[in-house]
Each structure stands twice: as structure tokens, then as C-alpha cells.
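Letters are used for the chains, namely A, B and C, taken in the order the chains are written, and counting of residues starts over at 1 for each.
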Amino acid sequence: MTIAFKWEKIREEQPLIHHITNYVTVTDCANITLACGASPVMAHAPEEVSEMVAHSQALVLNIGTLSQSLIESMIRAAKTANQKQVPIVLDPVGVGATTFRLQTVQELLRQVQFTVIRGNASEIATLCGFREGKGVDAIDTELKQFIPQVRKLAKQLQTVIAVSGEVDYITDGTQEAQITNGTELLTKVTGTGCMTTALIGCCLGAGIPPFTSAITSLLVMGLVGEWAEGLVEADNVGSFRTYLFDGFAKMNNQWLQKKGKVYVTAG
Amino acid sequence: MTIAFKWEKIREEQPLIHHITNYVTVTDCANITLACGASPVMAHAPEEVSEMVAHSQALVLNIGTLSQSLIESMIRAAKTANQKQVPIVLDPVGVGATTFRLQTVQELLRQVQFTVIRGNASEIATLCGFREGKGVDAIDTELKQFIPQVRKLAKQLQTVIAVSGEVDYITDGTQEAQITNGTELLTKVTGTGCMTTALIGCCLGAGIPPFTSAITSLLVMGLVGEWAEGLVEADNVGSFRTYLFDGFAKMNNQWLQKKGKVYVTAG
Amino acid sequence: MTIAFKWEKIREEQPLIHHITNYVTVTDCANITLACGASPVMAHAPEEVSEMVAHSQALVLNIGTLSQSLIESMIRAAKTANQKQVPIVLDPVGVGATTFRLQTVQELLRQVQFTVIRGNASEIATLCGFREGKGVDAIDTELKQFIPQVRKLAKQLQTVIAVSGEVDYITDGTQEAQITNGTELLTKVTGTGCMTTALIGCCLGAGIPPFTSAITSLLVMGLVGEWAEGLVEADNVGSFRTYLFDGFAKMNNQWLQKKGKVYVTAG
């Protein structure tokens, strides 16, 4: 099965993407949203999140720097989004690291219908019931061990689950995709995970179907990472990070089509 | 009428600029303040804002990521600033997007005397009573349609109003200036609006008169944008953003005088 | 006395570093932590800080954008860290600028045993009882005038105190070190102080002794600053900032050994 990428729809539709996110990578998330042609808005006050999300085309929730008041705002925004059929993507950053994060995500999953959930292997393993928990960058978890559980969870939650890693894995519970593009350098700068989630928000906001949105976004991050790596000496993470944003702005359907190593299995 | 630019006063005076601002572009605002020779301090706790602003040379208020507790701190700081004759610049980010933002700005305008207010056309249109509201990057609003209202509002509030856009517009209600420098690339990275407002704070803090402060700052952003654009391939927004900061640090009066396309009409 | 640098232990141990810090430089602190081979986690909610710090190898506290609720979280995290023998480094950003900051730091010093405290001359002078207070970048304070007081304070608090400046000064109350590497450009970008503190956290987390951790971190910042300065035209602070991160990722023991200008006096 081949994918008809619709990346350029973002630039055409210019969707407004509402982010309720962490303060570590928020600037990068705003910049990637702009770089790919969408329009970012960050707003977290309970007084305004419902109104803001109501005229947005997608909502991005990211628990990277969580607080009690932020949870309230996330639930309020997400409920409005569900009512208005605004798609929502969740990034459960570091969900295995503390009980507070885990309980928050469980509560969100109970109250909100997510369109896509994206995390690293450790975070998604936690959602599947295998709690790990070494900060937010756990890279040791072997994805292969729990693919059946991911598939089951996606089906149960009626959502798309995307796992970033050396090999990316995406499933809606029936269909599956694996992506082998990428570079380890992407794990050496903060925010590449959060930005991938922001990209999913941009794709969803442009009307791209959830499964394709997730595949497209993880592929874009991998391809741009490979491209930026080609421009720097090993370990030049400062320059690499700058080039990433050059790459996001250059991205197009042809690049995805030509360089993407995506293996899709229909259900 | 020609303008005698005093940009270098910032480097001579090294004013302390107190920012109460959003967490999306705060790093960029600190860096531009340093790049132009001033000293930034970010502080938002109600317990300290009055004391902080009392030994600052200017106050920058930016509602980009507003919350109830931030409003309280803004009003407290601004009242002290007004008492101590510390100039204040307001950036009403996304004021048209939600009732919460609009009411907050209306409350600020009631309680505080601002020296300068800077926004994009959509934001300033909202302040003039034409409410729009597509996030924070609305670029469609035609400035020409409501210039008389901007002039009237500036006179009524006894402030300088600066509107960033393809053509920038600045008025104190009597005098007017238009600036045609700039590049569309400035709209492709987050924070260029907030940074322009931060620049106004730096100019005000160095003792440059309000109308000239606003003109100088919008011109600096336009000129540095043009210069940085010349260094990059189209769409290389990552590199462009890096070069912007190189440019801010290089800026001088001669550059402004030589390359500025500023048209001033005395009242 | 010569120092056996153990910088590469960070890359070997990959410690998890828990930061409770400000929102101005937090992205830079996450990126420097990753660049030197450690793993950052930012978490500030009172509900989770104890659990987070309990499985971290070091805690970094930075009061750059302080609030009442943050103080509570800092104390809670620090008490757990003290119990679990997790080393803690404090950055008293702008402590002289307001009573709120000064009282907070005094309270922290009463309740918490810090492993290292790092600040600029003005901040450390304030801790020694000489209150100054021009924002967070006070550079005028003459270190020489109060070295005896710093030594005394270090002994009294049983901590290492590190003072960043044109000449860096580090003491544990008995031993002393001075470092003459560095460049003024490091004062022209925001976050270099906070990042130095983050580096100390990384060293401590890798098991490097406190006095050596402080020396190593201030030296790394100075050396990388010199290296990055060599790559840019004067005043190109945007590019300089990008190259800093390239340099942090390249750092190794040999570089420290070969280029470091460190003068240690045993007690």
C-alpha cells in the first residue's frame, strides 16, 4: 500500500492550531507550526481555552510541564474540541516518570476522545500498562515486545497511536505503518518529540486523515533530521537544530514520496 | 520631516527593561534586549513586580499567554510604573481571539497610562472596535480601512499606537509615520512582533521619545529582516532566525538613516 | 595542583537531571543537558517534584522567574533530594533585585543543604550581605573586594560557591580556584549563567566531586565561549549562540586539560 501524501494542504489551508503545552519546547512548537504553513496559538487560561479551541482547526495537548491548573484547562479545551469535532493530539511526555503524570493521562483518556496519541516507546509502554519511568527520554524500551498491546489499546481507545523511535510505529488498531527514516541526532536536541506532535496537529488541522497525519508527521521529522544531519559535522547539535527549521519550511509531497521509507500493512 | 535616530543611546544608557510577557517568545525578547545593549529582567510574581519595575527604565507588558494571576501582576507593575514615570509599552497579542483577552486589555487601558501600544493590524483593529479574531497572526486585515480610528484612539488614550504590517503605521494622534521596509519572512518565525515591542521598551528605557521609539523599533525589525533575508535561501527560516540576532547586535544609527524608508507627516 | 577532569563521565553515566527553573532559559538548559550527554527533566508541580527528584541524579534550582508556588515545589524537591543524597545546585538569579528573591534564597539556605551555589559577582555579593540589585546582569561588582566573605560563607554553609565573571572564582571554603578563560560575548546572550549552573548539575549527577564539578562547568563555558567567538564576526550573537551548542557537544577531557587556564590553591 502506498500513501498519497497531502503535506501541502497545510500551506493551503493555513489551519489555526491551538497548543496547550510545556514551557520547555513551546517556542520550537510555535516555530514548526509556522514553518509548515499553519498558524499557532498558545493559550492555557481556563477563562479562554474553550473559546480559543472553538475557532481552531486542531488542539495539541502536551503534558511536559504539567500543573494542576493546566489539567483543568486541558480538559475544558478538549471537551469543547470533542463537541465541535476539532481533532486532538496528545503527547504524554514522561508519563511513566511520576504518578501525577500517569493519573493525569488516565483521567484525560477517560474524559476525552483523542484523534492521535504520540510518544516514545517508554511513554506508550506506560500507557499499555508497562510502567517504566526514567525521565522523558527513555530510549531503552524495546518496542517489538509490546506491539500487540499498542494495537489493542488503539482499538480500545478508537485512536491512532504513534511511537517515535529508531523505527517508528503507527497503528489505528487495524492498519499499521513502520518508518525507518531518522537519525540519532534527533534525540540530542530537546523538542523533537514535542514538535512531531505539533506536526500531527498541523496535519489534522488541514483535514488530513488521522492515520496519514501521524505517518506524515513522523516521516517529516525523520527526513528533515536526515537532511540536517547531512549539513553538519558529527555532534554539531546547535547548527543541526537551526537546519531542522530550514528543512521543515522546505518540506513538500515529492520529498516525502521520494525519500520516505514507510511500510504500511492494511488491517 | 527627517528623524534623528538615537539607536546608540541604548548601548550608552544600558537601561534595565522589565518584561512581564509570554513564555513562547520570552527567550527571544531577552536576547533582543541584550543584543541591542540593554539589560533584560523577567519577573511576574505579584510579590516583586512593583519593586522590580521601580528600578527599571521601562516596562514591557505582553498578553501572549495570559492568566488571571498575570493580569494582577501586570496592573500592579503598571501602576507603580505610572507613579514613578517609568514608560510602559503594551503588546495586545491576539486580543481579538477571546473575550478574556479583550476584557483584559480594556481593563488595562482603563487603569494604566501606556506610552506606546504595538500590535498587528488585526489586534489594533480590535482595539478600535472592529473585532476579528483568527489567532495571533491575522494578516488579512486591511490597515487603510481604519487609519482614522487608530488616530482617534491614539489621541483619546494619549499614547503612541504602532501597527506592524507590510507597511508599518505609527501615530501619536497628530503625527504619523509609515515604514515600507521589511520582508514576509518576518511573519514565518514566531516572536518578531513581541521582539519589536521589546525593542520599543529598550528605546523608551534609553530616553528616546515615544513616537521616535516606535518608529525606530519597527524600522530596526524591518531592516534587520531585509538583511537576514539576503543571507538565506528562500524559506530557510531556521537560519534566518539566527541571523536576525546577528543583525540586531550590528544595528546602528547610520544603517537606520541610510536604508530606512520612513515617511513622516507632521500633524 | 592539577585537576583530573572527568567530563566524559557525564556521557558514560547519562544521569537524569531534574531542573526546577525559569521559563526564559529553560530550553537552553534542556539542550545543554542533552548536549553534554545527560538527560534533562523539567517538572515543577508540587504533586510530582518529590517523586521526580527521587529517581534523578541531581537537582538544579534556579529562581530566575520565581513565584510563590514555585518556592513550595523547590523546598519540597530539595528536602527529598537531601534525604536521598541527591546533590543540589542553586542559581540565585537576580537575588539582589527584590526583597522577594532575597527572602526566598535566605529561606532556601535555612532549609536546604546545597552542594554548589553559582551566581555572578553581584548575586554572590548579595548572599554575603552586600546588597546591590540592578536586574540579573550586574557586572560592575568587583569580586576581589569580597573574596574573604565568599570563603567564609562557603565554609559556613558547607557548600561550594562559584562566581562567574571575567575571572571566575570557586571555593569550598578551604580550596580555591580561579579561571581566566572566557569572552565578553557570553554576557551578550541570555542563559549562559543558567546553563553553567545546569552543567554543574550534570557533573554532580555523574558523580564528579562538587569542587571539581564547579571548576569543570565554569571552565567548559569559558572554553566553548572562546571557541564559538573564534567562529563569528564580532557581535554576531545569533550565530555565536548556535555555535555554543555545537561546542558543548564536542567538549572532552583533553580540551579542558589543554586549554584550561585554571589556578587552584589548596587550603
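Everything below uses one rule, namely that a residue touches a chain if its C-beta (ideal position, glycine included) is under 8 Å from a C-beta of that chain, and two chains touch if they have at least 3 such contacts.
Note that the structure is predicted; figures quoted are calculated from it, not measured.
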item	value
Distance in touch steps, counted as few as possible, from chain A out to chain C	1
Fraction-based call for chain B against chain A, same above half, different below	different
Mean-CA-position distance for chain B and chain A (Å)	33
Shared interface positions of chain B, touching two or more other chains	23, 27, 241-242
Chain A-touching residues of chain B, taken from the complex the two chains share	22-25, 27-28, 64-68, 94, 97-101, 133-137, 187-191, 232-233, 235-239, 241-242
Sites on chain B touched by chain C in the complex	16, 23, 26-27, 30-31, 34-35, 39-45, 47-48, 51-52, 55-56, 241-250
